[in-house]
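Labels run A, B, C, D and E following the written order; every chain starts at residue 1.
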């Protein structure tokens, strides 16, 4: 792997979109790592939550977007609850995930379509989690 | 004699107003006072006395009369105030009409008060006889005829249905001429009805509690009157407010004040009251230090000083001060007490 | 030409806000707003008083008489008064005065009391901007104005 | 009432005769039936003129300031509202309790001659006698009886304290309270509900009638200043003239403000106003606010309880605290 | 008519950039009373000041208006300038056209207009200014130190050594404070007790120092140089004069339920107790809430066995009133409660302790006698995990947003001490940042890492799960990007520091302000760090903000120096902007007296002849030494009989008029 020195452009459009979606401020983070230490799904993440925030601080949304982490996050909000700086990493991750979903084709789900798509096997927890995520 | 149906009074006022301002008694905010009549205003001929006497038209409570400003070393002075156009003062009672004559003596003798003079000259006074004199009235003590007001340009009687209109002066004649279309000639029955109405009014006057009051010039020596023990007794209940002076048709003291407008100065005069602690306040203080002295000043002026100058008592018996004084101390009580006059 | 200019000036409503600021907190807060270069309109003009409790209701009415479109009293936060208790009295006094003004028909929005500490430069600017906005909406104050006073 | 009047005269006579007091402040008969004047009685002989009837509306407490200061021992008759005024003057340090002998008079409400006049009950009356709530109007043409409540002053109809709250001796049986306290604020509530524009127009019309006679101020037991700020040319706010209507507004607002928390709601300001301005509404508005915001306080009830504007509480309502400071609660 | 000079300052381009200063000067020249107006680059410079002096002399100025920066900045400068030119300094007014104008407005026309208005207001006010002369007041040669910790002790000793009497008021039964609880001190690792105890003894034996332990300040009145303080000395229930300090009572007390405050609750104490062996005074105290005798009326054992009959159940609180010239506040700090941090298991698991508890645990005189064992099973731990920033730098509302400043160092100290004594014990430290800006501080922390092998992990602990006799500490190594789990035997939490719970109440009593976290606010963060906003009241130690011992001691010395400076003055010059009563207008209602926070107004009876009638009247009288010039009384006075010099009713109304011009 060749490492090049990267001068991060912190004010990217992609970042603006992400911050717009989640409405939290990544700059509050002081990289204490509490989110990563708290995260129950961290073992399945290639990029730890605090690294997600760091990358976002540096404007490198694409690295987060390409990571496994955004799909591993269970949106349990443990990180957000314990974050000492009100950064709300779960929202940030969710925002990146949303921005990826939107780019994938803009196929917004219509309410009517939900019953047909509903999977009986889907755990209730996931539904509850989704509700918590989307209700600001 | 002319007459007009009472319900056509608004038309009459409207017609008068076409030629200039008309001051008439109008009820505003629950009290009737003389104000510039506007179409839609109902002239109030029922209320016997306006809260503020009609003198407020000839001698407004406050009047700006001078404006001056300094620009560098230049001083610009502008005289304002007074009345510029002819106007009608409608609905004055006999007592108020008489008060004009008393004020004239002060304001029209040299040096003539030009603002008062202009108002006196340009105004046509329409007096109205009193249909129902009240308990506090004592105009008769000063030979004022509530049934036949004197000193006005036109006299009006309210019969209930009609207004009788009797011209008294040339000014009144001119006004009547302007109103020709509205006023009709009174008939013989009317001519007969008038004395009956007047007699009825006089009968009511006879019944009043103060009907027997005699107002005579005080003949005692000035010093003796001045030192009368009763002043203290009378003044002890006086609160020192200026109500009696401000509702009095003959009180005419004023104060002069300057107001900084930010860009110049406005000089105005306003009614003053000898009952106030700061009346005639001078650099050294107030010449009348206690309420007794201030109280004495007011009544000595009315009953002694003014008569000494003009041979008439400066009171018209309108009764306003009797009604308005918060503690019912008034000129009648003083007249009876001072100078040892028997009740 | 001159006349035209004048009328167009009159049309552009330039409110006058008189702000009484206590020396220890709010005046210093206004200083901080200045030091921090926080913008607020020039319509706000400040009078320094030692404490918000020095502000006499007379002054407030006087300002309205002389053409103020809005009046502000700013003092230390209750509990932080330099003189321990001054602003507690301010609070009572002007709670009553505000209600009285409202009772005789002076819009409440024209009279503001706020607590601004020496550290709250941004709050000072925010409060002044807020007052300006409210007064702008109401337009010029004509009530209680002394017509003789020419502004 | 006549029986009580006799007792009143008797008591005054005794107080003067025994040297219990140097002077008695009471009411005196005037020129006609509703003409009653406050008067000072210095000898027992004079007390025959002393009076207690339905027109003894004037408050005598305020006269005490001068007499007490000159070191006289005075006796004074107080109705319910006068007693409140007395306490207020006491709180304001204008009189001293020791030098005053207070004769309490439970008050059945005073009769407003204007109301009789408006009801056309006025003409020809020579005297008015009273038994309970029945008024006997005696005239030249005989007597007619009317119900007193219809002709009482408005202020008496909403009186909360017909019985003196302070006295040395009570000269009659206590009177019942006519109406609940809440009735006092009906007009205030009505005004409050108006728009700013309506409110202003209402007051402007009222204040426009003001002639600055100062009757409201001079009758007011809370306005007991040695020299009123409005009489003091040095103060910068004195104005004798009403050259501009803003001056009356200024005067009345500041006067109401000066008596805030000190007004005993005796209603005298409105009664004496020759222009008929309902000045008491300003005071009642403040009383209402004080009760709502700072809890029950009634001026004149107890001179030892600090007045609302002379005290504060840390947790007072704060209508100005839109945004809290930092993390503090 | 006044002869007013107006001086408009450019402040370089600070003002001149947005305000047309020449036009301001020109407009000012036309204002009523102005006879001279001039603008200049720097009015506060020597040249500028000379310009003012010269103008005063040449133009016979009777008033000076300077339109410049905030009066808070240079008002005193210009007053001195005027005074030097023979003009009373209070005849100077400053129009603030920098902070309130030039710096906040961009439009030059607008800025100029406003600057003119502000100048006009200053001219209008100056016209009515009156020459004022400052009064004088005496200084009570005695200082009060509130708090008997190291800050208070050091302050008291310094002041006492300068020859002034000092009283120390300490809330707890013994002086010593937090430092007495600490085992060793960084960065030298000397024994805390060894350096503190001598100071405690010095204070107790110093002829100029009086100790009031188990006491609290109840009320404070007065002003700089003349405070009057009421001190409530709580009933100790033991007569200190009789007690020999033998400790028999504490030993025999049958009640053993109370947790020792000194040992952070790690052991119990009797209801009658001496907080710690070196306590001063060495007199026990009865905790009446715990004592069986006070609860039930039975027992009384201590009283029976006391050889000196010193136990006195009847003893009552005593209130001592004393006058002071200066007050030093040295009330110290506390640690925050950790109940909001459930993830650390503090309070749930005995082996999760705070750093202060750790201090007691490792102290030779502590509950374990210095044996390093964990609380749960008294076994020696093998792995110890330290967590820093527990509640510090926390904006979430659970903790405090500030850095507690001392935790990095004491955590390094703790880890180092363990590794030094017990090399077999593993010590790990979770940290966010290590902050060691102090003399020998960073070297100290690096020694912990480099010489003692303390494992520093940059990252926080997310949760702790007890598993059998272990505590599974889940954290992250943020640098390597890996999560970490340590099976610890003992977890030590560096909890955040906080202000004392009653700091705000004390602040209110003293009329000194507190910040959003209830730490006392210094008068200026840089230039007046040990003074409060209230003259004569100084701050020392952690009550003003988190501090370590060396910093506390130096601040204590500084506060002492300030206090000594004050006490050494013969007279104090008082603020001349005080209220005065116009007796002719005063009705004596004393509404002013009721609202005066300083008790500066009192009734006075005057006799006068009023129009030949002799009268006695009560009027208000102001004690100018007590009056601080808030002006609250002027509003309470309906008649305007009481007015504030320098801010008279007329002056302020003139300003209103001028601004509304």
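We adopt the following convention: a residue touches a chain if its C-beta (ideal position, glycine included) is under 8 Å from a C-beta of that chain, and two chains touch if they have at least 3 such contacts.
As the structure is a prediction and not an experimental result, all values here were calculated from the model.
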item	value
Partner chains shared by chain A and chain E (touch criterion as defined above)	none
Identity of the chain that, by mean CA position, is farthest from chain A	B
Between B-C and B-E, the pair joined by more C-beta contacts	B-C
Cα-centroid distance, chain A relative to chain D, in whole angstrom	73
Length of the line joining the C-alpha centres of chain C and chain D, rounded to whole Å	36
Where chain D and chain E are represented by their mean Cα positions, the distance between them in whole Å	52
Computed distance of Cα centres, chain E from chain C, in Å	32
Residue list for chain A, restricted to those that touch at least two other chains	none
Contacts with 2+ other chains: residues of chain B	64, 259, 262, 266
For chain C, residues contacting two or more additional chains	57-58, 62, 66, 79-80, 85, 89, 93, 148-149, 151
Each pair of chains that touches, named by its two labels	A-E, B-C, B-D, B-E, C-D, C-E, D-E
Chain E partner contacts - residues on chain C that touch it in the complex	16, 18, 23-24, 27-28, 30-35, 37-42, 45-51, 53-59, 62-63, 66-68, 76, 79-86, 89, 93, 125, 149, 151
Interfacial residue positions of chain D with respect to chain C in the complex	188, 191-192, 194, 196-203, 237, 243-244, 246-247, 249-250, 253-254, 256-257, 260, 282, 285-286, 289-290, 293-294, 308-309, 312-314, 316-323, 325
Touching residues on chain E, where the partner in the complex is chain D	397, 515-517, 584-591, 594-595, 603, 613-618, 636, 638-641, 649-650, 653
Touch list for chain E against partner chain C, complex	70-72, 96, 98-107, 110-111, 113-114, 117-118, 121, 504, 508, 511, 513-514, 533-534, 577, 595, 597-598, 628-632, 634-636, 644, 647, 649, 652-653, 655-657, 659-661
Parts of chain A lying in touch with chain E, wherever the complex brings them together	28, 30-39, 42-43, 47-48, 50-51, 78, 82-86
